[in-house]
Amino acid sequence: MYADKVMSAAEAVARFVRPGAVLGMGGQNIGRVPMALTHEIIRQRIGGLTVVGCNLSIGMDQLVGAGLVRRCESGSGNLERFGTTFCWRRGIEDGTLEVEDYSHLAMVSRFLAGEMGVPFMPVRSLLGSDLLPPPDGGRPGKAVVTENPWSPAEPVVLVPALQPDVSIVHVQRADPLGNIIIEGFATHEPEMIRASRHVIVSCETLITTDEVRAHPERTTVPFLYVDAVVVQPCGAYPTSTYGFYDYDADEVSAYQEAARAGGPAVEAYLAANVWAHGTFDGYLMRAAGPPHLEALAEAMREIT
Amino acid sequence: MYADKVMSAAEAVARFVRPGAVLGMGGQNIGRVPMALTHEIIRQRIGGLTVVGCNLSIGMDQLVGAGLVRRCESGSGNLERFGTTFCWRRGIEDGTLEVEDYSHLAMVSRFLAGEMGVPFMPVRSLLGSDLLPPPDGGRPGKAVVTENPWSPAEPVVLVPALQPDVSIVHVQRADPLGNIIIEGFATHEPEMIRASRHVIVSCETLITTDEVRAHPERTTVPFLYVDAVVVQPCGAYPTSTYGFYDYDADEVSAYQEAARAGGPAVEAYLAANVWAHGTFDGYLMRAAGPPHLEALAEAMREIT
Amino acid sequence: MPSGDTPAVGAGASRQELMVIEAARRLRDGEVVFVGTGLPLLATTLAQRTHAPHIVMVIESGVIAPQVRPTPISVSDPKAMYRAVRLGTLREVLGGLLQRGLIDVGFLGGAQIDRYANINSTQIARPHGIRRLPGSGGANDMASHCRRLLIITHHERRRFPERCDYITSPGFLDGPGGRQRAGLNPDFSVAVVTDLAVMENDPETCALRVTALMPGVRVEEVLAETGFRPEVAPDLRAVAPPASDDLRVLRDELDPGRLYLKAEEAASSRRA
Amino acid sequence: MPSGDTPAVGAGASRQELMVIEAARRLRDGEVVFVGTGLPLLATTLAQRTHAPHIVMVIESGVIAPQVRPTPISVSDPKAMYRAVRLGTLREVLGGLLQRGLIDVGFLGGAQIDRYANINSTQIARPHGIRRLPGSGGANDMASHCRRLLIITHHERRRFPERCDYITSPGFLDGPGGRQRAGLNPDFSVAVVTDLAVMENDPETCALRVTALMPGVRVEEVLAETGFRPEVAPDLRAVAPPASDDLRVLRDELDPGRLYLKAEEAASSRRA
């Protein structure tokens, strides 16, 4: 428990991400997507994954583009102004990718159930919509409608707990034990992390445990949930990390162009940006480089 | 919503605590019990209350001693090394006080359901114990056993949502809008506050909204839940406020002695410490005084 | 500047600009608004900087009461988080505020909307298989829990089918009583603001009907661009031209790069 | 100093001191321990400062991995929170760690315990009505979700009835299979450390039996002070005398004011 959990992305992914795993994905849209850890999974070509999250964006789409994903469970797949997640869309439309659709509240409620160690969570969303399986049961495991025992005839939806085999998240600060501090918006991560069997965290800055103990109410998640700490500045690039750097619209667009074209274009993008490099730093140097990364950091300083 | 919610304890209690209300009680044991707001309820003699919380201690016991409480729902009633909550115990034993017993997890789960806007929350505690009503239903509203729809024959307990009419809490910092910052341990308060229809917060220090906006991830609960902000240094005395002052063992013991003796002794304690004063500051001067309060602050500085 | 192929309307505003301004007008000062990405973010910020300074914006990613800096392109864009009073979690916002019933208005961007204001953002049936869309996100949660739903989208026939292929987010479902039967809060209303018109649910039939027209737009034009045949309100009115201040704030402060408006104009100009 | 009316045992330790030391010995380095207030807090801190420096203490009020300062008297005492890595909420600890299954040992203080290790901290039946006790607190949650339960209490006949008047926290309920039938995790064991002996559940019968005696204590003395008649383990052993370091840390560092030990001695001296 009190082990030093600092290791390379290569080691962390090799140790904790198994083929066929249910993979919890941190971040949202263009914010704090764990790209360094995603690239490492692609580099090691760990396949048959079920990717789960609330909003799934560029990280998930690159895993799908690399042919490593069998199934997704989420509330949405898209990159907002940058368009949809094209590899994901193509996979669903041509039937090579299974999906299970929920609302964002339903997904975070599934993680909350996993966090709390209960088998399901009640929600009042989904009612009346096609997100709810037909009353005859529909696809098992998705959601069931029950009654409020204290007010019969009041329907309540139960969604099943979700405990990922391993989750990957990128955060601002962590200590060697795995105490993590998320600054700014935290999306679904606190619930997902606590629900997961294993957690790999990459961080912008490694801090000491003394610093953690100095402000214990600022610790977002304590070390008991975390297996590996990967120190990777700019580990969310080209998405943003609140307080550290803004997203890189050009690089996101470059990937989207390849993803929209599909097939060889995606292959070429991943070859040039992932497989060509032994580490994420190689990608950072190729796609951005220090001056550009500094400009993104300056852009963030301007708006925070 | 963006109103200035700063007001006196007298005004806040008069406006938001109604006779017969379900009153959510903040704090735990000898930590951050909202004593200033409790004294104000006693001063205004607002009765017929149902007091709810996880651990209920000296604040609840004084309300019971003042004859203002009809019923309690909690996971425990005690002051640990200072003994039990004697007025509460006496009321239960002589049948003048109704109680509904849960575990602490079951109570915080009830507040979580209230916070999330769902009618119940599943728990795996209570099973097999006498805290669970008999299968024939038992006391309606307490808890029911159901099955995990994804694994029939696996029993799950459902506990009903709890949304207090009004909750009282004492925190370290708040701004005039009602954004609150709890430092140190937070017990059941984040869930209880968000579950409540009205919330009265007393704080050690009033901060500006600019200070809140400067570190938005440190805001424990945003202003949308809060109705009144009462600025009351030492508002938890004689219990402790983490980072500000330690508990006062002598004053807690003085109350416990009266509570143990009961009847006239409690009446005398409340007369001398509550009804004799127009405000909580009067009590602070009588029971403690500046030098002693400073000593308690120094004791806290030593251990934080 | 409005693009050439969309006729300028009152005070030189394009229809797209007036659409944003009209949507902003429907937000009242002090309301708590759950804001989706895109035009809703733009319109709500406009309201906040003009007639509704005390509006409380809530954004799904965990953002409460920000003072949005121009021009965010995502709910996770730090520009949308500027000086928030709380940056928290998705659970706090979707559970503790939205499902808990503390949000006044849900404000959504473009999607497929049918006669009964049901919304599809999941998939469109096509001759050979489906076209997959992004999915619900928080939209199903908004439509399930908000008492008032505001939708901003540009007006195209394919966006307004008789019945959605897939109901991602519930409007009135199959009409009167539909929400009660499903266990949803029946206290619900919908307004759809487009570049051609405003459509609102008829309190009786629950169906969307045309209640206002953009300046210079004829009702036939609206019916031609609407897949279902909406009723037209007897008291059909014209959307008021923008106050000059609205237009200045929108153009100069909020979208100087025309990140949103250019795209919208391009989209609706396909019609021209 | 041990009080006069409780015979000193090995190395001059009182029985109460040795009870705390023996309980501490049962915590292994690196274990995650859910610690109740009172003697459990004292014994766990002793373990942390002696043989188990990497023990992770978790305290109900939201405290994770503190380095406890002598001598806290409450789970909400800041001395129990000193240099924690996280000060959070009751939900995080009771839900996210305990119910979630991430706690190795639950450590409870004195209560009424029956043959099958069921615990009563709610109410005692008396000739004229009941005696109300504090209630569950987190005890029911600990007993429901921990695989290993450690209880420290002093040994009095009234504390060990055949069957609890009220089951606040489940032990083995009515015996073999009881936990499964109730839907509780059957992977469960209990050890009760007292000032006279150690009792542990028999793996077969699930009943508490005497497995060790404090130095100088005869088995008859234990049986006389136990309300039910426990089996005696064939391999009955003697509790080892304290290492001098244990005693020094306990007396000089952890409870110099004898806040706990004096009270315990007073309690058990009633017997003498």
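Which chain is which? They are A, B, C and D, in the order written, and residues in each are numbered from 1.
Criterion: a contact is a pair of C-beta atoms (placed from the backbone, for glycine too) under 8 Å apart; a residue touches a chain by one contact, two chains touch by 3 or more.
Just so you know, these numbers come straight off a predicted model, no measurement behind them.
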Contacts common to subunit A and subunit C (chain labels): B
Reference subunit C; chain at largest CA-centroid distance: D
Centroid distance [mean C-alpha coordinates] between subunit B and subunit A, Å: 38
Interchain centroid distance [CA atoms averaged], subunit B/subunit C, Å: 42
Centroid distance [mean C-alpha coordinates] between subunit D and subunit A, Å: 42
Geometric centre distance via CA averages, subunit D-subunit C, whole Å: 60
Multi-partner residues of subunit A (at least 2 other chains): 109, 116-118, 123-124, 154, 156, 184, 186, 216-217
Junction residues of subunit D - those touching two or more other chains: 81, 87-88, 91, 95, 99, 145
Chain-chain contacts as defined at top: A-B, A-C, A-D, B-C, B-D
Residues of subunit A that touch subunit C when the two form their complex: 27-32, 54-55, 74-82, 84-85, 88-89, 92-93, 101-106, 108-109, 112, 123-131, 154-156, 184-191, 239-240, 242, 246-247, 300, 303-304
Touch list for subunit C against partner subunit B, complex: 30, 32, 54, 56, 64-65, 67, 81, 83-88, 91-92, 95-97, 99-102, 145
Residues of subunit B touching subunit C in the complex: 1-2, 115-118, 177, 179, 194, 209, 212-213, 216-217, 219, 222-225
Touching residues on subunit D, where the partner in the complex is subunit B: 37-38, 60-63, 69, 73-79, 81-82, 87-91, 94-95, 98-99, 122, 129-141, 144-145, 166-170, 173, 178-179, 181-184, 259
In the complex, subunit B residues that touch subunit A: 109, 113, 116-124, 140-141, 144, 146, 148-151, 154, 156, 158, 160, 182-184, 186, 216-218
